Amino acid sequence: MTDVLFVLFAVVATGGGIGVVTGRSPVASLLFMVATLASLAGIYVLFEAHFLAAIQVLVYAGAIMVLFLFVIMLLNLGHDYRADLKYGSWFLLSLVVVGLTAGVLVQGLMGTGETGLRAGGAEVAAALDAAVVEKGAVGVIADPLFTDYVVAFELMGLLLLVAIVAAVVLAKPRDPEAGE
Amino acid sequence: MYGDWILHALIWLPLAGTVHVLVSSAERAKNVAFRWSAFVFVLSLGLWWAYEPGDGGFALESSASWIEAWGVGYSLGIDGISVFMVLLTTFTSAIAILGSFEYVRTRRKAFYALMLLLEMGVVGFFLATDIFLFYVFFELTLVPMYFIVGIWGGERRIYAAVKFFLYTAVGSLLMLVAILYVYFASGTGSFGYDAFVNAGLSLREQLWLFAAFALAFGIKVPVFPLHTWLPDAHVEAPTPGSVILASVLLKMGTYGFLRFLLPFFPDAARHPVVVAVMLALGVIGIIYAAWVAAVQPDAKKLVAYTSVAHMGFVVIGVFALTLNGLQGGMVVMISHGISTGALFLLLGMMYERRHTRLIGDFGGIGRAAPWFATAFVITALASIGLPGTSGFVGEFLALLGTFETHMVVAAIAATGVIFAAYYMLPMVQRVLFNELDRPENRTFADLSRREMAILGPLVALMIWIGVHPTPFLERMEPSVQAVLERVEDARADAGHTLGGED
Amino acid sequence: MITARPESVLAGSGAVSPPAAEWEPILPGLIVLLPLLGFVLNGILALRSARYSSAALREGRDWDPFAGPRPPATHRLPTWIGPGVMALAFALALVNFLGMMAADPHDPVVRSYWGWIVTGDLRIDAAIQLDRLSMIMTLVVTGVGFLIHVFSVGYMGRDPGYPRYFAYLNLFVFFMLVLVLGSGFGTMFVGWEGVGLCSYLLIGYWFSDREKSDAGKKAFIVNRIGDVGFLLAMFLLFQGFGTLDFVPIFAGAEDHFAAGGVTITAITLLLMLGAAGKSAQLPLHIWLPDAMAGPTPVSALIHAATMVTAGVYMVARSSVLYALAPTSQAVVAGIGVLTALVAATIALQQYDIKKVLAYSTVSQLGFMFLAAGVGAFTAAIFHLVTHAFFKALLFLGAGAVIHAMHDAAHHGDGHLDEQDMRNMGGLRRYMPVTCAVMWIATLAIAGIWPFAGFFSKDEIIWYAAAWAGAESNPFGRLYAVYWGLALLTALITAFYMTRLMVMTFHGANRTGKTASSRLHEAPSVMTVPLVVLAVLSVFGGWINVPDALGESFAGLWGALPMSEWLHHWLEPVTHTAAGIQVAGMGEAAHAAPVGGGEAVWALVSTLAAAVMVAAAVRFTSTRRYVRAAEDPGPQGGLRRFVYNKWYFDEVYDAVVVRPVVAGSRWCWKAVDTVVIDGFVNFTGNFARLAGWATSLFQTGQVNMYAFVLTLGVLVVLGATVFL
Amino acid sequence: MLIPALYLSVALFVIGTLGVIVRRNAIIIFLCIELQLNAVNLAFVALSRYTGIEGQLYVFFVMTVAAAEAAVGLAIIISIFRHYETVDVDKFNLLKW
Amino acid sequence: MLLDYSSSFHYVLALLPELVLTIWGMGVLLAGVSRKQGHGPGQETGWLALAGLALAAVANGWLYFGVSEDGAAAMIAVDRFRLFANWVFILGAGFSIVISLPYVARQRLQAGEYYSLILFAAVGMMFMAAARDLMIIFLGLELMSIGVYALAGFNRRDRRSAEAGLKYFLLGAFASGFLLFGIALLYGATGGTNVHAVAASIADGSAAGALLMPGVALLAIGFAFKVAAVPFHMWTPDVYEGAPTPVTAFMAAAVKTAAFVAFLRVFLVGLEGLHAEWSTILWWISAVTMVAGNVVALVQSSVKRMLAYSSIAHGGYLLVALVAANDTATSGMLFYLLVYTIMTIGAFAVVVTVGNQSEANARIEDYGGFGWRKPVLGVFMTVLLLSLAGFPGTAGFIAKYHLLLGAAESSLWVLAVILVLTTVVSYWYYLRVAWYMWMKEAPEGADSADPAITPFATHLVLVVSVAVILLAGVFPGAALDLAAGSLEGLRGLAAEAGAAAGH
């Protein structure tokens, strides 16, 4: 069952990815992207990462993609767009290079098999499941987030602050009065 | 009385002079600079007596730690080889500064500051007994020269300056890598001279390192075919720049041969192939440069090529690996410094008067300016090695020394004596002799008092060394002998292959 | 080849003779220094006067030092300084010579002043060596030199560069004395190159004339070719002996070198190269005729009497070395005789009076080398001395003629080559003294008994015959040819000299009407030296009348004094060489050739020479000469060939000069500019080209950048995964 | 399931890469970059089953970073759009060579 | 004192410089936005930011000299390596702010945001230097990057600035995807992201081979992008050229330093066991970077762009130290980064001044005769260029020499030769500026009367940087010792720390 679902989600995700790259309009690409994000959320569920799946849908597919859509609309690209995919030899060349890169990566990961991974994978998974049962899907993430990785957490806060400042500075219209 | 302080003073006083020049007015700059350089020269004269030949080792040595982490020391010392180079430097610097009073009329402060800076670098180079220190000074001389050529030079000054700079830099940077190799091979963690001498390198290592060092010094000398920067630099450089370049900077290369190349890599230095190559390059330099010089329409370029020929004599003298050859090389270095320096000064005077350097624009100057002509002829004769002038003693000894070990090479090189006449006399003729057919040459002013004061000591030195070179020879002999023994000792225990071959 | 010297030779030599009496030379260094002093003083005057003239030049006027009633001090003092120092030097030399004669020392006296080049095992002292040979040379140099200085006072008296002239001349004498008095090859070389320098300066004395300064340059460069030989010979000697001093080298030569060995042959041949350069022997003779561009007294002093004989002196000095190298001797003799013949033939067709004399000089020098080549070193020196007398006389006489012609030409109509004999003729009427003394010199050079040349030249030919006859001489037949050629040359000599005399002094005057009125005899300051030299040309030969002739008519049955005086005088110098030769070839080397008595030979040669003189008089005086301007020059292949000096200059130009110049240009334009600098610039340009090409990827397009980045990822990943 | 998830991750990653190379629209390029980040997230999630909870934690971080980047990136795009009235990156080539 | 994290206050202490700067940055931001725009040049905001940097420097100094940590496996390192790097960042940021003062005023940029972004970016750099955890490094890198993206596009009136911002952003985000993927793979392979844990895992062989090497490669690529190594450098020239010049200086100096510091810690501590594998790749990247950077710089006509390529080349030199991977090379890298920061910003200070606090006069022709018009500035620029070229007598030489020494110690002779030969190439373009300044005449139409106003602040930077460069060039001993001493704790404790992290 999970395997079937995985394959399904994988196909949708991949198709969505291809759709993002090849979509004629920005909006189309965006919608393909949403599809991918959603199917990834599904895969997260399959990996017992329920909280992440929820965040994925809420934050990613919800908030970030909407932001994209908002900008697309703001810049009036929803209709007034030109096909911008570079076909022709450039596309082929890129495809070859990217394909080779993928090939090399896959070749590198090929040896991974179950034995190629670190020992004790199963125990880790079991421990994870136990922790989820014990602390809940949120708690299991929250626990390290606010203990070991509290610095990272604070850093994220700062990151968002900087992003806001930057966005405000850059996106603010020019103010002729201030001599801009 | 003369302690090691003198060496420090010789390096740092020009720097003080630089500062003084920079803070004085443009009008006074030349006098300030000249006084400083003259003071340094007078001070350095004491070395003539202060240096006792003894066993040929370093005298007046002093050493202080500089960069402790790397074993770099601020070590100075002087021996029979460097004492003359230092004297030549301080002397020609003072002369060149005096000789630029008329030539340099713009941006005088900067010019004289750079001249003094250059003097500091060169003196430091000759006095350093720490390899790192030596390298720093070696490179340091490039910058002032670059600006002197580039700012006060002729039409193609920038091309010449950059060519000079890059050419030299290629060699010196590769040498830097070689220095590092020896540093690690020696295992002493020191950049001291002795550590490098006793690095215990295998023959194979020595050959590579020799190549790197020889390239750096060979460019500086310059050895054929690394010489093409020289004519350009000389032609474009202002007179004082040419003088310093010819008199002193070229000597840094041959001095490097004697001071570093031979003692560091004795096995390589006497390797037959190496010797053959170096001798061949020296001989080609002598004849080739003489030929090329002979057909130059530009007097300065002509003299520039003669430098290559002269330095060829030094090269064969050094790589003959005989006492006479090395001594001869040393004398040629000194003599070339004096006579070619004087030639450049004379050409500069010609240029100041006529604003041309083309030989064809002159003719019959001998009638218009007899003192000038006299000085010119004497200098030219010293340059082509007429007995009784400094040039002969050097070339004779170099050829003799070469002949002792390499007859054929010496025989071929000796034809350079003919070609010297072949390039020099036509120039003398076309400049000084022939008909005074151009009206502008009729008003060619004769030497002024200042110019006589410049040329007088030079001419006197040419003749002094030519007539009585013994005081020079006996002072340099022990040190030269020491270099030679170092090479020969290595021959004695050629079996050793210390050091990592990895 | 030579194992032991015959006792007979040893017995007579100084090797076992009791040590000669001590002899202290009187201020020998001063002999050398006096001319130097003269040079310095005259030099200062010259520079002072040149200041005036150049100042005048700048102001656009001519400065004539003789415009006023009295020339300025700069032009008066040299008259006294120049000849003055020479007179003092000559006097000092004479005093020393007489002292030497009285003491009759066997060994040379060496005076060392300071160590010149002292390093390692090399020691060259600034030292002079006084011995019998160098004293003879010193006398000739200072004596003839003094006379020529005096002559110059008249000849150059109105030249603006008068002080400079004397400065050079004094300097020349200084170097010449260093050359002859130097105690070793090193010191000799100083003089050797020094005289070359003075020759250069004096040939190009009128340096404003391009041809003249060209000639000086040519002389210097050709001389330098020889000097290289000298240098290399010195190096070989130093390698053999560890010294360059004469005394140890000549004492040790026999022990050091096997006779006929490669090294000694090389040394002597290289020395001969040097001598050929200096003494204008084939193939380096080409500079001497051009050297006539200098003032005529210079030609007399440098290019006839002294400097050009330095090569002969050097060979004679090195007699020991040459004796050890028979091959070299054969070469020396061959070069000598060939030079003599070639130069003599050329002299036959020249019209320039100085050119004739120049070729005559070359020819006579050839005779001297022939003498050295046949082991007759004494004869070489003998001929050197007599030649100095009569050739100096000839040149000075020619100078007097030119002097007169010069004045005439100034007043004549149109251009007049004052040295061309076709413009002369009949000058005997105007300058009888000159004519007379020149005839004496002509007879001397032609070898007419009892003039000086007869004895010296005869001795050379005689020795050549002796060597040709020596059975154990490996080159016997060759020497026979030499002998024949020498005889022929002697006859030609008589012919062309007579031709010169006839064309110049006899027949009709061709100078032109207005001009000829200005012809005049030279002033006494010029004629007196001529007369003195004429006397020497007559009697100079008597210092070495062969013993064999002493009893015959040629020696006036013993009336001529000093029988074989020179021979005996030089014996200590030459006996070692003689010993070696005798050991090698037997007494035959010095025996009478072809069995005949010397007296007969003398008679025959005198008669032959006299016949040639007569023939020449007959041929030339009957021929009608036209003035140079109207003369098309000689016709006919052989004549033209000879007239054009066997085309030596042209051949050298084509074979040596042009290729070297072309090679130089090629080196510059092709090798230096294109190959080496091309490579250098190419490196720089290539780097920039590479930079430009690389920067083409920098299109400014994000896609491109991302693509390149991905490409990099591919490469790095690939490298990691697969390597 | 880990291994297929990794392959899927690689696939999505290179698709994103391709998109960056072949699209001119800055927004879509950025979208492709987001796709890449999601590919990495997938890898993290998958690997977390074998290595521990940190993997999921990292996904959380990456999402935040993506959000921050989205804010800044879109602001930059807006900013440049004001100059060029387009988001075609090929038009932005004042700076080159 | 000893940080043993027994009290949570120790965490605060360990992050003291970062905290100071963060809080100060917010303060600067508030100060900036609370004042009305268009009123005054806003320089005091800049000075305020500088004060914060000074405070952070002091805090950093206290940590450097007065504090040590217990064990060395914590997520945030309190070792001298980090603290030395912090100083470099503070210096870089401080210098950049000083040369920004007149620029920001003249260009009427929003001072509060501008300076606070610099401070925040500096905080990000500090985290990169401090982090022993790959994730923290990533977050620090993003913090820095986002700040710098914004700074690059900060001048909204300038298309070029916007273009630079966009390119930097797109490519930076693209590259951080690779970095992140690398982290993920490494995480999968070793089970951890702490560099010591990674090292321990590699050392005891428990790391999964198949994931490991692609992870390392991608990680290397990610860092290579940030240090602008060829072929991941493509963004550099464009961004450097387009960004406001003080920002360019900041990027060239501090951003590069941060990337190198993190690069070094990850590869030399975490992946030390794989040195044999990755050194080959870095060897080639280093060689190609040195060659391409220098060669392309030859043909640039804009000084700013030339300096961009030169910074690429310098990145190549620094990579040599990474390949050499010995203590000499590592301390050499620290020293080099310090010197490089000073001289680069100094050079850009002159560029700003010549450009009259704008983006004008960036062509090399504009420098014609500049030296004679402004001799002091000309001499400063000459010294800085010589230092950049690595000429004896300047700190640049000592630094380059130090790298060579490190390379030689590891017998990287070919790389050393490439380094020196490309240095020769670099002479040409550095000297070209010098020759325009001193050997050419001013370009046509240039205002020769008073070409450039040099504000006091810029002078300050120049005097300080030139003085430091000359001093460190002649008497480098103290600085060298400092750099060498700063390695303490980087690797010396690595072994035991790895063991500690393993449990």
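Chains here go by letter, A, B, C, D and E, matching the order in which they are written, and residues are numbered from 1 within each.
Rule of thumb we're sticking to: a contact is a pair of C-beta atoms (placed from the backbone, for glycine too) under 8 Å apart; a residue touches a chain by one contact, two chains touch by 3 or more.
Worth saying up front: this structure is predicted, and the values here are computed from it rather than measured.
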Problem - Chains in simultaneous contact with chain B and chain E - result: C
Practice task
For the chain pair with the highest number of C-beta contact pairs, give its two chain identifiers.
Solution key: A-D
Practice task
Would you identify the chain whose Cα-based centre sits farthest away from the centre of chain D?
Solution key: C
Completion exercise
Averaging each chain's Cα atoms, the one nearest the global Cα mean turns out to be B
Exercise for the section: Report back the single chain whose CA centre is most distant from the CA centre of chain B. Expected result: A
Completion exercise
Per the C-alpha centroid definition, the whole-Å distance linking chain A and chain B comes out as 70
Problem - chain A and chain E, separation of their C-alpha mean positions in angstrom - result: 30
Handout entry: Separation of chain A from chain C, taking each centre as the mean of its C-alpha atoms, in whole Å
Key = 103
Handout entry: Rounded Å distance between chain D and chain E, as computed from the means of their C-alpha atoms
Key = 25
Practice task
Could you list which residues of chain B touch at least two other chains?
Solution key: 166
Completion exercise
Shared-interface residues of chain A (touching two or more other chains) are 86, 90, 94, 97-98, 101, 104-105, 108-109, 112-113, 117-118, 149, 152, 156, 159, 162-163, 166-170, 174
Completion exercise
Where chain C touches two or more other chains at once, the residues are 684, 695, 698, 700, 702-703, 706-707, 710-711, 713, 717, 720-721
Completion exercise
Chains touch in the following pairs A-C, A-D, A-E, B-C, B-E, C-D, C-E, D-E
Fill in the blank from the handout: Counting only contacts in the complex, chain D reaches chain C at residues 17, 20-24, 26, 29, 89-90, 92-97
Fill in the blank from the handout: chain C residues touching chain A in their complex are 703, 707, 710-711, 713-714, 717-718, 720-722
Exercise for the section: Quick one: which bits of chain A touch chain E in the complex? Just the residue numbers, please. Expected result: 104-105, 108-113, 116-119, 148-149, 151-152, 155-156, 158-159, 161-163, 165-170, 172, 174-175, 177-180
Fill in the blank from the handout: Counting only contacts in the complex, chain E reaches chain C at residues 166-167, 170-171, 174-175, 178, 213-214, 216-218, 220-221, 224-225, 231-232, 234-235, 237-238, 277-278, 280-281, 284-285, 292, 295-300, 425, 428
Completion exercise
As the complex stands, chain D meets chain A at residues 1-8, 10-19, 21-25, 27-28, 30-32, 34-35, 38, 41-42, 45-46, 48-54, 56-57, 59-61, 63-72, 74-79, 81-82, 87-88
